[in-house]
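Here the chain labels run A, B, C and D in written order, and each chain numbers its own residues starting at 1.
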Amino acid sequence: MAGNTFGQAFRITTFGESHGAAIGVIIDGCPAGLEIDPDFIQSELDKRKPGQSKITTQRKESDTVQILSGIFEGRSTGTPIAMLIPNEDQRSKDYSHNENTFRPSHADFTYQTKYGIRDHRGGGRSSARETAARVAAGAVAKLLLQAQGIEILASVTSVGKMNAPEVKIENAKDFLRIREENIVRCAEPETAAKMIDYIDDIRKKGDTVGGKISCTILNCPVGLGEPVFDKLHADLGKAMLSINAVHGFEYGSGFAGSEMLGSEHNDIFRKDEKGNIQTLTNNSGGIQGGISNGMPITFKVAFKPVATIMQNQETVDAEGNAAEIKGKGRHDPCVVPRAVPIVEAMAALVLADLWLRNFGAKL
Amino acid sequence: MAGNTFGQAFRITTFGESHGAAIGVIIDGCPAGLEIDPDFIQSELDKRKPGQSKITTQRKESDTVQILSGIFEGRSTGTPIAMLIPNEDQRSKDYSHNENTFRPSHADFTYQTKYGIRDHRGGGRSSARETAARVAAGAVAKLLLQAQGIEILASVTSVGKMNAPEVKIENAKDFLRIREENIVRCAEPETAAKMIDYIDDIRKKGDTVGGKISCTILNCPVGLGEPVFDKLHADLGKAMLSINAVHGFEYGSGFAGSEMLGSEHNDIFRKDEKGNIQTLTNNSGGIQGGISNGMPITFKVAFKPVATIMQNQETVDAEGNAAEIKGKGRHDPCVVPRAVPIVEAMAALVLADLWLRNFGAKL
Amino acid sequence: MAGNTFGQAFRITTFGESHGAAIGVIIDGCPAGLEIDPDFIQSELDKRKPGQSKITTQRKESDTVQILSGIFEGRSTGTPIAMLIPNEDQRSKDYSHNENTFRPSHADFTYQTKYGIRDHRGGGRSSARETAARVAAGAVAKLLLQAQGIEILASVTSVGKMNAPEVKIENAKDFLRIREENIVRCAEPETAAKMIDYIDDIRKKGDTVGGKISCTILNCPVGLGEPVFDKLHADLGKAMLSINAVHGFEYGSGFAGSEMLGSEHNDIFRKDEKGNIQTLTNNSGGIQGGISNGMPITFKVAFKPVATIMQNQETVDAEGNAAEIKGKGRHDPCVVPRAVPIVEAMAALVLADLWLRNFGAKL
Amino acid sequence: MAGNTFGQAFRITTFGESHGAAIGVIIDGCPAGLEIDPDFIQSELDKRKPGQSKITTQRKESDTVQILSGIFEGRSTGTPIAMLIPNEDQRSKDYSHNENTFRPSHADFTYQTKYGIRDHRGGGRSSARETAARVAAGAVAKLLLQAQGIEILASVTSVGKMNAPEVKIENAKDFLRIREENIVRCAEPETAAKMIDYIDDIRKKGDTVGGKISCTILNCPVGLGEPVFDKLHADLGKAMLSINAVHGFEYGSGFAGSEMLGSEHNDIFRKDEKGNIQTLTNNSGGIQGGISNGMPITFKVAFKPVATIMQNQETVDAEGNAAEIKGKGRHDPCVVPRAVPIVEAMAALVLADLWLRNFGAKL
């Protein structure tokens, strides 16, 4: 029972290997009548695509999306939306080295053992290339949410031990403009410059480094989340943890909250000037009892360093014999700059799904 | 579309409110022929039940489980296993205070707004009392896994800012014996004693405190996890985040791993003396590409402090008018001691589900 | 992967064996705020319960339903509704004869072979007793639909080769009154009397006979059904075929329609006096492209004769040795009178599910 | 919540409109290591493709399948198998007549009302063209089943009121050879010739006619089917009813069985010479209690006449005004010859799904 479907009401199924003919996605459950701008989908993919800067992999993929179904005269019809992204710049011969040898901290060993067969080229299905399909689907989910005024805003807040100061988000447009002005996608320009230099330095050493992405969701109404299992933060957590290289997820006060007293941590309710019930603090991260409470939703995602390093490493081959392996192919020294649109896409998919489950499929 | 079902192959659905007639669970998908000892299920519930020590709530519930179906002459029949836990010691009148007033950092406000109606007594469905049903179901999942030699071992490793030193697990039996010898369920006796004093002190002040639970799973074979969405750690993360009061989840190197270099973080493969492929380090937390790799599976869960404190707090009523509220009812000063069996139960449910999805339902 | 859950948005999971402690059901997804009258649920169960007349089994079960959760002050809260029906009049010793011998055309052989273990008493899980849980859940679905004006009206139209003339349904109330005035639940009194005599005659001979139930659904709006797989009639078909003893399902023109020409079969659209688009004929059975078209939905269900007969039959035992078996226990000579509420319940469950999937969960 | 996914363990999701860029399917859950011959998939599609004979539509589609993922060096890898069938011979201008007018007994009216927008060209998503994707997926399911010795054998047994005599199936190969020797896919050559003449005559009159397909599944082991809802015949019924134009389904004794006595209908168990438990008769259609019993599985499917006729018909336009419409485009006078591979494909999908649910995903 493979697990390539995500969501219940806004449901996506992805397919494709890193070095196969194409990757793609079917969205089933997008409400009818939604205006869908293919350029917006493409612009989201462009933020994730390889080769976009000196601190990302140099693999050349235009990641041009083809929409095959489900849209008629610019609007969704309520039928499945299939999108295809052909692979263009495979260099499969770069991958003969891992055909019979297991790269450390990659999925070569587990896929081989679980399935008894694997497409080793570029990591096959386990490659983060699959996430392009998620970004395409997430773009459609974003369009659905934007029509409700909801904004999903992620940025890089840590690279290795280097942390950005917290940025107050005045509005979505400015936040995104500032973030996109630097190639590391940090919302604070000074730290961004330092992060870029640091990653470039790591890259030159043939090493890699981890990092963290923070995300804030604005204007989410009260009511998203389906307890007791499909709590909003539980679905967000699963979504984030399903992204390649993610090792941790926290929302609201997160791990730090576990060190606090209840008297410090509780968020006091107040009626604001517009008559809405709000909380004075937001340790709840916009979620109480697994349901959005109308405050900004906040969470953070931790990414481990990319496993492919351009250094010799010990390992074993398929028979368990000692072997040595060195990274080949073209890889990212740090995954977080390109992961920002993936985090946003997965958040959009969760919210679109819970939106439809709560408010129904009629736009 | 409510979300009270968890799992696909080993699938549970829970029901019940804190102050209703009963809570319970149906397990659908338990393989036929499994020996099921009702005493083991009860012993797991006893670890979660209220009133077990001075540092837990004093609500008196025997949490006696009734098995209604699915078991014949001591073995599962492959049909649904329904289990019922009657509520006994409700004191619903303790809850008139939150009928029209929203307790800070509780689910009163979000449930009321989402559903337009709520059973306010004891938090109704949003109460952690619901997790007793999970523990009962998790006990059956544990029996399935124990028959395969798999052990799930959780313990309290932090209370507030107080952390236990890391304990090496020699074997499951000893670990559990030591853990159960103290009421806080810490696997290191000296820290346990300090934690108990600290929680008791917090309790006397009418305050509460958060904490962390760490979990290690031994003897899990290679192959559990269904990429790309139902990765083992993504399902574990969702399971943990669905537990009341959880604000964070990390596995393997976790958040700390995001500060590391690839050259430090990668787990080198080696063949051990028995001919099995192992890794020298375990930053992967026993999971690579979303699939178990045969090493111990390790993860950590962060719990916020319990929201009910015995102090006056500002809030609003259902009309948004300013109000004051003080905790009533009987509550835990720190949730982690009783959450240990819940963490284990949810981990067992995830593993049983992925076991069946990978290996099939024939015992 | 057991299959004891039905529906996606209005989702039920049933449990229980014929001679276990109880049978029951959890409804997950019932919208909040629905008025739920327990007496109505009980009255539906009373139509299905054994011992209600001379032409049904004489097993004495009051089938008293207990509602355990999900309802607060007479209305649904949006949380799971659990209902329990204790078993009262088991006579398990009546079933020693099939412990090691397979009753012809029963599920003894297939359950034993599939699961390797079975609760043989009264057929265990394969007993039609399980359908009481469906009727309880279907009653809640009916309340949801009745609030929208939808009426589900089934009746016995054939017993063996004896067929009732087609009855024009003027209104739901009269239809149900006439139907309930006879114990065979035929909507045409003269035929009903003959059917009753016929069944009673069959019963005295220790034999059984099959029959058919027809169902009409009034006032269903346009739009229910989720192509391409979850078409309204496909979901109805699965629902009906999942009822014990059902061997056939047809809707609209059904099997007879396959003998017609397109020019005869097509339903011409017309605007009626109220401005609604209707069809002149209804060979489509109220469903086009898998979606309700606003016309009455019509379908028919064929039930085989009950397998338990009070006559000696050849069979084999668990080792395959030739054996002889004679029906014991208390059984129905013809299942259709008691199956009428089951057909209605399953239809209600399908419609409630598709209603929520199309219109959302807000009442 | 759209319904374009079928199956749980062997799960397909289809997409595409009649006159869009392409139709296609993703299979999620195909076990790893299955040999997959693209030529076999194509040969199945060829049996369904338009333009294959004088009694089918003359639309020219090569229906050439492209496999995009999930197969490596001729074998499945356990990852999603995506297949694409580009549309080639759309004549969308043929469909201006139904842009604002509802064709009788088509899905124009229901789609327009449900979704508020529709791709009217060629019926869009409601076109039977979508079933090509099912046939491609079904071919993979057949390969899985054939590796277990299971054969699915459908043929046309009725066209209008013309019925073929029952044919005894000696072996799969001969059955298929005889069936494929005539363009109506009847397994009895003499009747086939008469059916062809009859359909051709109907075609010349601009009319259409319905028909029936019978199917027998050989060598299915005991154990497929997951009660109480996912019974083998319930899943088969839903699968068949989800095919365009199907109005009825019966298995085993079917509707005729409802006219029989229990003493006539019961299938007596016997041990055969190989020691297997068999039944003397097969009124159960190979299924007891919803689980395959090892006997041939038999069912029958009724198709209404194609709704598009080349005759003037009254109807209404989008505003409900009276209008007249005449069939345009290229259509089948009788759908059953081309539906034979669709019936087989859907049966294969059901069996593959239940196979995996019972026996697990390891080949």
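The rule is short, and it goes like this: a contact is a pair of C-beta atoms (placed from the backbone, for glycine too) under 8 Å apart; a residue touches a chain by one contact, two chains touch by 3 or more.
Molecules present, by chain and UniProt name: A, B, C, D = Chorismate synthase.
Owing to the predicted nature of the structure, the values given are computational and were not obtained by experimental measurement.
Chain centre most remote from that of chain C (Chorismate synthase): A (centre = mean of CA atoms). A count of contacting C-beta pairs for A-D and for C-D identifies C-D as the more extensively joined pair.
Note: centroid distance chain B (Chorismate synthase) to chain D (Chorismate synthase), computed from Cα atoms, is 46 Å. Annotation: 39 Å between the Cα-based centres of chain A (Chorismate synthase) and chain D (Chorismate synthase). Here the spacing of chain C (Chorismate synthase) and chain D (Chorismate synthase), counted between their Cα centres, is 27 Å. Each of the following residues of chain D (Chorismate synthase) touches two or more other chains: 1-5, 8-9, 14, 114, 125, 356-358, 361. If each chain is drawn as a node and touching chains are joined, the picture has every node linked to every other.
The touching residues of chain A (Chorismate synthase), counted against chain B (Chorismate synthase) in their complex, run 1-6, 8-9, 14, 102, 104-107, 109-111, 113-114, 125-126, 130, 158, 160-161, 202, 207-212, 222-223, 225-231, 233-235, 237-242, 247-255, 257-271, 275, 277, 279, 283-285, 288-293, 302-309, 311, 313-316, 320-322, 357-358. Of all the residues in chain C (Chorismate synthase), the ones that touch chain B (Chorismate synthase) in their complex are 1-5, 8-9, 11, 13-17, 20-24, 26, 28-30, 32-33, 66-70, 72, 75-82, 84, 114-119, 124-125, 356, 361.
Residues of chain A (Chorismate synthase) touching chain C (Chorismate synthase) in their complex: 1, 8, 356-362.
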